[in-house]
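Each structure below is given as C-alpha cells.
In what follows, chain A forms one complex with chain B and a second complex with chain C.
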Partner chain A sequence: MRLSFRSLLRHEAVLAVLMIVALLVLAHQSDRFFTTANILNQGRLVSELGLVALTMTFVIVTGGIDLSVGSILGLVAILIGVFWKAGILLPLAVLLAVCVGGLAGFVNGLIITRFRVPPLITTLATLALYRGLAEGISESRSVRGYPEYFYVLGQGEVGGMPTQLWLLLAAMIVAGVVLGRTTFGRATYAVGANETAARFSGVAVDRTKVLIYTASGLVAGLAGAILVSRVSTTRSDMGMGLELDAITAVVLGGTSIFGGRGTVAGTVLGLVLIQALRNGLALAGVKGDGTIVVIGFVLILAILVTNIFGRDGDG
Partner chain B sequence: MDTALETGMVVRRTRRLGRFVDAYGQELVVTAALLVLMAVAGTVNRRFLSETNLTSLFSGNAYVAVAAIGMSMVIISGNIDVSVGSLIGVLATISGTLAVKGYPIWFAWLFPVLVGVVVDAFIGVLVAYARIPAIVVTLGFLSILKGGLISATQGAWIANLPPGFFIAQFRVLGVPSPVYFAAVLTILAALWMRYSALGRAIYAVGGNGDAARAVGIRTKPMVVFIFALNGFFAGIAAILFGTQLQVIQSTVPPNLELNVITASVIGGVSILGGTGTVVGSSLAAVLFAAISSSLIFLNVSAYWLRAVLGLMILATVLADMARRRRIG
Partner chain C sequence: MLRKALVLVVGTSLASLPALAAAGWTGGDDLPTNPLPCDNSSVTVASKPYDGGAPTNPPNRKGKKITVVDVPKLIGIGYFNATSKGIADAAKELGNVSVKTDGPTKANIDEQITFIDNYITQGVDGILFAANDPVAIAPVLKKALSKGIDVVGYDANSTPDARQWFVNQAQFNGIAKSLMDNMAKEIGETGAFAIVTSTFTTPNQARWIAEMSAYAAKCHPKMKWLETVEAQEDNVLSFNAATTLINKYGPDLKGLFGMTSVATPAGAEAITQAKKCGSIAEVGLATPNAMKPYVMKGCVKSVVLWNPVDLGYAAMYVMRAVADGSLKPGATSVKAGKLGELKVVNGSEILLGPPFVYTKDNINNFDF
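So, the complex of A and B:
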C-alpha cells in the first residue's frame, strides 16, 4: 500500500506528532520530566481516568455517551466505605460496591434501549441521581482508616510498577483486542455507523449497548476502588468532572463523537498527551488551572487540524 | 340545532384540544408537575407559599431560565453547548471587575453581554465552518474558560461593588427584576421563534439541515447566529447571576451547564433537534427551583436533594418518551 500525504495526516498521526512536540518541549523545560520515577508516577495518577476512557471509547463508538461515570465512581467509593463499616470483609465490600457500579451502568443501558431515551439525556439524569445517592448515603461524611493491605491497589507496586498501572495496561490490551479483533467489536462499530442497518444485518443492537453501558459502570466502579485506595479516603464528591476528562481523551484520540469511528490506540495516545501536558506544565511551573486551558486548546486544535488536512472529502 | 352538526363541533373542539395537548404536551406536563408540587408543598408547609419564599425561588433561579432560552435554541438547531456554565462565570466576573474598577455601571452590564456574543459566535464559526462537532468545541471552551477564570482570579471574591450595580435586586411593584427579565425574554423569544421567518429557520436547521439548505436557508451563518444569540442570553444570565448577591465569587457555578441543559430538555426540547419551545424550558427551570425549595420545606434532608432531583428528571423524561410513543 502506497503511503499518501493524506494517509500520513490521519488523526492518530497528527496526534502522535503533537505529542512528540509536546514531550520535547516539556522535557526541555524540566530535567525531572523524563525520569522513570516520574513516568511511573504519572501512570499511577492517570489510571482511573484511563480505565474510564477505555470503556468510554466503546460507548462513543456506538454513537452514545456516558455522562454518569464520574457519579458512578463517587457512588462506588462511598459504598466501599459504607459496606466495610457495616462489617463486611473489605475485599467483599469492594467487590460488592464495584458490582453496584455495574448495576448502575446496566440501568443506563436499560433506559437507553428499552425506553429509547437518548444516551445524553439518560446519563444526564443518572449523573444527578447517582451523585445524589452518594451524597445521601454518605451525608458528606468521609470514611478513612482502611487496613494496610488495601493500599496495595492504589499506592503499592508490583514488579517495580504501580499496581494499578498493570491493571490499566491489561485493560488497554483487552479493550484493543475486543474492539479491533472480535465480532463484538465489529458489532460495536456497526451500531455506531448505522444502527438500523446493523439491526437488519442481525446484530443484537440492544444487547451490545446494554453490555457496553454495564461495562462502563463496572469499570467506573473499579476506578472508584482504585481511587479510594490511592487517596486513603472516601468522599461523595469523588470523580466529579471525570466524564468530561474521559470524553476529552477519547475525542482527542480521534474517535468520532457521532459514532462508528475510533480506536483504543487513539484513546491511549489521547490519554498520554493529556497526562504529559498536565505533568509537564506543572513541572514547568504552570498552575493546574492553566493546564486545563492548554488541554482545551489542544482538543479543539487537534480536531481542527484533522478536519482541515486529514479528511477525504466530507465525512 | 342539528345534532349531527353539534356532534361535529364537539369532535372538532376535542380534536383541537388533542392537537393542543400533542403540540404543547411537555409544557403542560411541566406546568402540571409545578402546580401539583406547589399544592403539596403548600399544604404540608404553609410557609412554602409565602411571598418571601416564592419571590426568592423565582428570582434566584431566573438566570437559569434565561440561559435555558439560548440553550434551547442551540439544541433545537441540532447542537449543544456544555460551556455555558463557565461562560456565565467568566462574564459575571468581568462585569464585577469592570464595576469595581470604576467604569460606568451601564458599561459593566453591557460589555459582558457583548463578550458573550463574540465568544459564542466564534464557537459557532468553529462548529459551522470548521465542522467540529459542537460538543467537542464547547467541551474545549469549557476547559479554556474555566481554567482561564481560575488562573486569572484564583477564585477571589469581588466585593465593594458600587451600590447601583445590583440590577437583580431592583424591584418593580414588589417583584424582583430577574422575574421580569426571564418572563419578558421568554415570551419575546417564543413569539419570535414561532412567527418570524428567522425564528422558524432555527427549527428548519435542526429538523433537517439538507432540506433547510434546499429551501434557501443559509445554514452556516444561521448556526453562527444561533450561537451568538446563546452568548447574548448567557450574558444576561451572567448579569442576573452576578448581581443577586453583594459579592461575586469569581468561580464557575458547579454543574450550571448541566442544569441549563436539563431545563431545556425537560421543557420538551428534543436533544435530536428540530422540536421544543423556550416556554417549556423556562417553566422547567422554575420547576427545578421549586423542587429544590419544596424538598427543604418537606423536611427532606438536604443530602438527598440531588438524588430526588435526579429521580424526578428521570421520571419526567420517561413520561415524555411514553407520551411521544403514544403520538407515534
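So, the complex of A and C:
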C-alpha cells in the first residue's frame, strides 16, 4: 500500500510541477492571465467539465468508462426546457430533469452489471441513444426565456465567486473524501484493481458499480442544468464531446485507464492544467488549433512520465 | 431486478412518444414573417427605432488604432475564409485596425462562447461575430458590452440588445424569394422539395426557412415541402443527409435546397453520384468556387448568394465607424469604403444589398 501510494504521489507531484511551470509561463505571456477576474471566470467555465470529471474518476478507477455523459447532459438540458414548457414549476422541472439524468446513469449501470456488457460498448450505445432521445424530444427546438432567478446558477455570483464554482468546490471535497477515506472508496479501488478478487472478498461489486454510474448520470444532469443557466437557452447538441474532455482530465491526473489507481486530487490538477492551458494560450495569442496541439502534447508527456516512474511503484 | 429494468424500458419509451406524435417541422424559427410580393415590385419598409445594445463607458477610440477579433461560426470553410478576407482587406485599407480571425473548428456554440470570453479577458477593442445560436451567445456578448467593447455582428444575428449593429447580407425575405422563385422555375409549380440546413436553431438559416415557408404559401402554394434535415455545417453529414433524402423519396423528390455553403455542393455531389442530374434540381446558398464544377456541367442551374468578401468588408467598416463614434443609434446609413452608403433597416441592421444569383454565365468571374 505504501509503495503504490508513493508512486501515486510521484505522479501527482510531477503533475503539480508541470502545472506550476505552465502557469508561470502563461502568466509571463499575458498580464491578464493571473488576475482574480480571469481566474474566477475560468472557474465558472470549467465547472461543468469539472463536475463530470469528478464522477468520471470513480468510473475509471473501477476499470470502466462512461462515454454517455455528454449525451446525458444534452438530454437533461432538453428535458429542463420540455418540463418547464409543460407547466411544471422551474425548480421542480430542473430537479426532475436531473433525476432523469440519474436514471440514465442507472440504466447504464444496470446494463453493465446485469447483462455483463462491457462499459465501453454500453456507454457507446447509450451515447447515441440519449443523444437521439434529446434530439427527438426537442425536435431540435430550443427553449428560451427563463425567469431571471434561474440565471443566478450559471451567470450569477455568491459572495464574490461564481455560483457553480461553489458547487464544484463542494463536489471536489465530497468526492475526495468519499474516494480516499470511506469504505465505498476502498471498494471502488478494489473493484478496479481486481474485480474477481473483490467479489470473492465480499465487496458488493455490482452495487458499487451501479451507484457510481448513477452518480455519473446525476452529476452530468447537474452540469446540464448549470450549462442551460449559463447560456440561457437549451440546445439538443449541448455537451457533445464533453466525455473526451473529462477522460482527458482524469487520465492526465494519474488515474490508470485499467482501473485500481487514481485520486481526486490528480483529477483536479489535471483539470486546472487543461483549463489553464486553454485560457492562457488563447490570451497569449495562440489560435484555437494550436491550443489543441499543446494539450495533446502535454497529455502524452504526463502519461510518459507516469509510466517511467510508475514501473518501480507497481507492486 | 428484472421487473425494475422492464419498468425502466417502458418508461423511457413512453418518454419518446411525444417525439413520435409530433408533426414534422420545417426548421424555421417562430418569429413573424414578412413575405415579399410575388411579382418583382418593391416594398417600402417602415423604419423601426434603434434596438441595439450599447457598451458601458467605452474609451474614446476616435482615430486611434484598435484591435478587433473576428469570431465566425467556425473556421476552415470557404464561406468564412471569404468573410475573413473581406475583413482583412478593409483593415488594410483603413490602416488603423489590427484584426485577427479565430474561432472553433466545429459550428459549436459552447466553444464559440469560450473563444469570445477569452478575447474579452484579453481586452480587445471590438468583437465581430457570426453567431451559432442567437440566444446562447447573448450573455457573453452583453458581458463584452459591459466591459466597454464594441460588438458588431454579421451573417448570423444575436438578440438585438446583445450587439450594437448587425450587418445583414440581404433581407431575409429577399433571399427566401430568390431561392423559392429559382426552385419554382426549375421544378415547376407543383414540384416537391426537401431542405438540408445547418441546425434548426442557427439564426440565419432558421429565419430564411421561415420566410421561405411564408413566401411559398403565398406565391407557390402548390409546391410540396417534404422534409428538412440538419447537417451542422459539415461536409460529410450534408452529403449523407442529401443521399438519404434522395433514396427515401425516390422519384417524388424534385428539388433540394442547400441552406449552407457546405450543404449545397454536398447536395450537388449527392445528386451527381446518384446519377439524378437533371431530374433533381439543386438550388441553394454556396460560394461560387465550390459550385463551379456542378454549374459548368449543368447539374446545378443557379446559386444564390451575396458576396461574403463584401460582407466582411462592410462589417469591418461598420466596426470602425462605431469605434470612431461616427455611426450612432438612429443613423439611417453608413459609409462603407468602396461599397458606398449602406442603408440601415429594421432598427439596428445594416443591409449589404440584394442577393446575387450565380449562373453558368457569370460564375467564372468570381474566385472565392
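Note that in this section the second predicted complex is superposed on the first by the 301 of 315 C-alpha atoms of A that agree within 3 Å, B and C clash if a C-alpha of one lies under 4 Å from a C-alpha of the other, contacts with A are read in each partner's own complex, and residues count from 1 in each chain.
Just so it is clear, a contact is a pair of C-beta atoms (placed from the backbone, for glycine too) under 8 Å apart; a residue touches a chain by one contact, two chains touch by 3 or more.
Since we're looking at a predicted model, the values are computed, not measured.
In the superposition on chain A, A:37 makes contact with chain C only, while chain B stays out of contact range. Legend: residue contacts after superposition of the two complexes on their common chain; A:11 is shown touching neither chain B nor chain C. Touch criterion met: A:139 reaches chain B and chain C at once. In the superposition on chain A, A:103 contacts chain C only, with no contact to chain B. Using the contact criterion defined above for the overlaid structures, shared-chain residue A:209 touches neither chain B nor chain C, since it reaches no partner. Contacts of A:251 after superposition: chain B is touched, whereas chain C is not reached. By the touch criterion defined above, A:289 lies against chain B and chain C together after alignment on the C-alpha atoms of chain A.
Applying the stated contact rule after C-alpha superposition, one finds that A:233 touches chain C and leaves chain B untouched.
Of the two partner chains placed by superposition, only chain B is touched by A:116; chain C is not. Overlaid on A, the two complexes show chain B and chain C touching the same residues of chain A, namely 133, 136, 139-140, 240, 287, 289. Listed in rising order, the residues of chain C touching chain A in the complex are 1, 4-5, 8, 11-12, 15-16, 18-20, 22, 25, 75, 100, 102-105, 108-111, 113-115, 117-119, 121-123, 133, 135-136, 138-139, 199-201, 230.
The residues of chain A lying in touch with chain B in their complex are 67, 111, 115-118, 120-122, 124-133, 135-136, 138-140, 240, 244, 247-248, 251, 257-258, 287, 289-297, 299-300, 303-304, 307-308. In the complex of the two chains, the chain A residues touching chain C come out as 30, 32, 37-38, 41, 45, 103, 106-107, 110, 114, 133, 136-137, 139-142, 144, 151, 155, 227, 230-233, 235, 237-238, 240-241, 278-279, 282-283, 287-289.
Of all residues in chain B, only 80, 82, 126, 130-133, 135-137, 139-144, 146-151, 254, 258, 261-262, 265, 271-272, 301, 303-311, 313-314, 317-318, 321-322, 325 touch chain A in the complex they form.
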